[in-house]
Amino acid sequence: MSKTNPGNYFEDFALGQKLPHATPRTVTEGDQALYTALYGSRFALQSSDEFARSLGLPRAPLDDLLAFHVVFGKTVPDVSLNAIANLGYANCVFGAPVYPGDTLSTESVVIGLKENSNGKTGVVYVNSTGVNQRGETVLDYVRWVMVRKRDEASPAPSASVPELPKAVAASDLLIPEGLDFAKFDTMLAGAPHRWGDYEVGEKVDHVDAMTIEEAEHQMATRLYQNTAKVHFNQHVEKEGRFGRRIVYGGHVISLARALTFNGLGNAVKIAAINGGAHTAPSFAGDTIYVWSEVLDKVELPGRSDLGALRLRSIATKDRACADFPDRGEDGRFDPAVVLDLDYTIFMPR
Amino acid sequence: MSKTNPGNYFEDFALGQKLPHATPRTVTEGDQALYTALYGSRFALQSSDEFARSLGLPRAPLDDLLAFHVVFGKTVPDVSLNAIANLGYANCVFGAPVYPGDTLSTESVVIGLKENSNGKTGVVYVNSTGVNQRGETVLDYVRWVMVRKRDEASPAPSASVPELPKAVAASDLLIPEGLDFAKFDTMLAGAPHRWGDYEVGEKVDHVDAMTIEEAEHQMATRLYQNTAKVHFNQHVEKEGRFGRRIVYGGHVISLARALTFNGLGNAVKIAAINGGAHTAPSFAGDTIYVWSEVLDKVELPGRSDLGALRLRSIATKDRACADFPDRGEDGRFDPAVVLDLDYTIFMPR
Amino acid sequence: MSKTNPGNYFEDFALGQKLPHATPRTVTEGDQALYTALYGSRFALQSSDEFARSLGLPRAPLDDLLAFHVVFGKTVPDVSLNAIANLGYANCVFGAPVYPGDTLSTESVVIGLKENSNGKTGVVYVNSTGVNQRGETVLDYVRWVMVRKRDEASPAPSASVPELPKAVAASDLLIPEGLDFAKFDTMLAGAPHRWGDYEVGEKVDHVDAMTIEEAEHQMATRLYQNTAKVHFNQHVEKEGRFGRRIVYGGHVISLARALTFNGLGNAVKIAAINGGAHTAPSFAGDTIYVWSEVLDKVELPGRSDLGALRLRSIATKDRACADFPDRGEDGRFDPAVVLDLDYTIFMPR
């Protein structure tokens, strides 16, 4: 019998099923250095131990999205090896900060199943939780994927689709213990604008851009131990639909986040990802630009030092964002758009 | 007089000669993070401090082959700067695990010399030993290379060819102190199959594949401080036999090892390399696939927690391995084969 | 109002103005591992904690140029975002060694201003100082850049050009506290030649060469959090003067320095950069070669263990340096030359 992992097919999932994922991972200063080299991130909280201490943390945590990618990567062999499409994310809450030396592992629970009318595929909803070595939750999120059936003749499960919030509620945002922005130094952080300086509906073109190289997205994706084949095998992909390896969507999210520094430099901590869509695939050679819109401003109970901004960041390829390319009147995205990410950050007041 | 290192020519080597190598190297979590980014390795013992502690080690050791490449790299300036071909490895035993913070250095002894009948080149056999800062041996191996003579007129030394074992004997394998697989968690390790589940003669196609990029193999080879010119200088290589830079053979070994995870996930520790041949050069753009064959199953005296498997892993380029490409009836390898590696791993029973 | 950083224009600078720069950065073993992977540096002092301790330091410091690039990168958003040309460096003195865990920040003072006769641009001289978390100076240097005016009609400031030394004086060189080369092991360092073995006027062809890849220079430049657009945006640069992204000049300096190991292996510590010019841009695909000339030998008062060499290293692209390409009789550089760096190193006597 084959010793290789065949992955799960749609009929292998059952409502309420627990999926403990393999490959615990100790994250280190080495991972953070690579993250910086891959994206050029400049948010001061993650860049400087001294800055982190001035805000009440013991040292600089890893970039939030580095933790996200490591937690996410573990789910791939069990959840999405036979996936046709990664349909969405929701209700993603960042919990305990992740520090060098922490060991992350991930477990998922199946919270929804719905066979598609074609009888060939179905949608699986999982709630994945990343924890550190002390059992503290560092990340909790839902994603749903379209997965192939092994056997089209197998019966459909009763459909069950979870209700998911459009955005993480303010009361569900977790402020790391000890984090206090009272002494936040905007000069050191590199941007003068505080929470109060942003308006709902305001749009920011982040101006900067970065071109993706094959070696970069491959190194990133392997760093996260995400081994989905489409990112790595040019011998197969050259015969595929695009003729090229597809860049891991999370790589584009991280590039976009790093580029938002120019305009959102004090958005040092991601609190939540409310939803996201990879509206088109990205490839090596694409140059990624970003613009953002402020969707909401959230006051946090009892906190005068920090507030939350709900943002939407739209990334494009090979197209500057001075005119904020978005959905057209027909509801379809400008063809240059590759990412529409709805998320919430903490910023000093 | 020139200040640059001319390297040793065949007549510079003498039987019994000691070659202490330069450039001691402190290896760190940063090196391990790069190793993960370069190969996507997922073996749990090296990935997680917590997993390593559950098996009796103080923390996660570096990947075995990272240690191998660092130890090997130091020998290049003295042994193979004027080499025409890297002919083989044998009797390579992994000793003390290497941890972040260890400082590695290497010494070689010339154990064999044989001039070729053309009078222009000769074969040099060296026994190289890598030690840590406490003087503990981390690696001990033999390799032989074909080296140019400086002066074809210089007399041939009396030929001396060492006797080398076909495989490291079970009694010569070193189990790291404290390592105990009694509590080995195969769910966390990501694969259900234990030592007892493999049969001698069994073949596994590892399915996954990775395409090599120039930036990747250059960064890897520099990380190991291996500065053999053919890997780095396109200005010269474009006029050479292949028109391209040649990928360091060790880079292909590491790619192959990482790809074997899918089918050999519990093979968390390399115990020995019995022999190996780079049967064809690899270049950027090649997509590497792997299959493995179980050559032998070795019970280890007094150990019910772990056993050894002697494996042969065959890597190809731009060719899937479902049909196990190998030597043909004429004794020649399938032209897609680039690596034939014979090695021994420890696996939980 | 735009939230993005417009950078400073010529009329925004005033003599004596202090520019505290953003983004403090904790440097780590991860950064050093990346530096090794990017350049293959083999200088023993930075490679081995044990070697560093044998010379009186607590552990291996980071590569001097890694510290340089991190300190330099912070000045870009305030000094050179609207620069047309990076005109020169001078009087760059390396101070306290930088260790993993140190947090670096940078401040600059405007020490010279001179509008160009075209009325469209001016030259700004800044003295930049990099300090660690204890306030110790790790680097102090002057650079001057040509910056655009925002408004050509704005009046010219009174011209003020600082007097800069041709080379850092021997009495201004800083020997790190505790550093003692009495027990310097040249075998471990990988080169037999000590300070006394070099002659003023001596030229060394470093023989080795390395080809630059896009992913490599982008990762390096982001590691330094230097986000100058020309290095990253192929979508814009393909329409530009060169049709390609331009490699950060510091990347070429680091490549050149690493290549000088073969011929200057005991030059383990950079003491000063006296001056430097990027005589032509470099691009991915260029193969960098280097040769060096000994400009001066400096005895250091009270030190019999070490001496200083003032060197000039000339890097070329796609041209070997056996014949030492340099300025021609017309005073113009050989067209293959990309870098002319004048610096001072410490070497064991």
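Structural remarks
Labels A, B and C are assigned to the chains in the order they are written; within every chain, residues are numbered from 1.
Here is the rule we use: contacts are C-beta pairs under 8 Å (C-beta built on N, C-alpha and C of every residue); 3 or more make two chains touch, one makes a residue touch a chain.
Remember, it's a predicted structure, so these values are computed and weren't measured experimentally.
Copies chain A and chain B of the same chain sequence form an interface built mainly from non-equivalent positions, shared numbers / all numbers used being under half.
Copies chain A and chain C of the same sequence differ in orientation by 120 degrees, per CA superposition (steps of 5).
Separation between the centroids of chain A and chain B, computed from CA atoms only, is 36 Å.
Residue positions of chain C with contacts to 2 or more other chains are 28-31, 33-34, 213-216, 219. Within the complex formed with chain C, the chain A residues making contact are 28-34, 36-40, 42, 44, 47-51, 59-60, 187-191, 193, 197-198, 204-211, 213-216, 219, 262-265, 285, 287, 289, 318-319.
Within the complex formed with chain B, the chain A residues making contact are 2-5, 20, 22-26, 28-31, 33-34, 77, 100-101, 103, 105, 133, 213-216, 218-223, 225, 227, 229, 232-236, 245.
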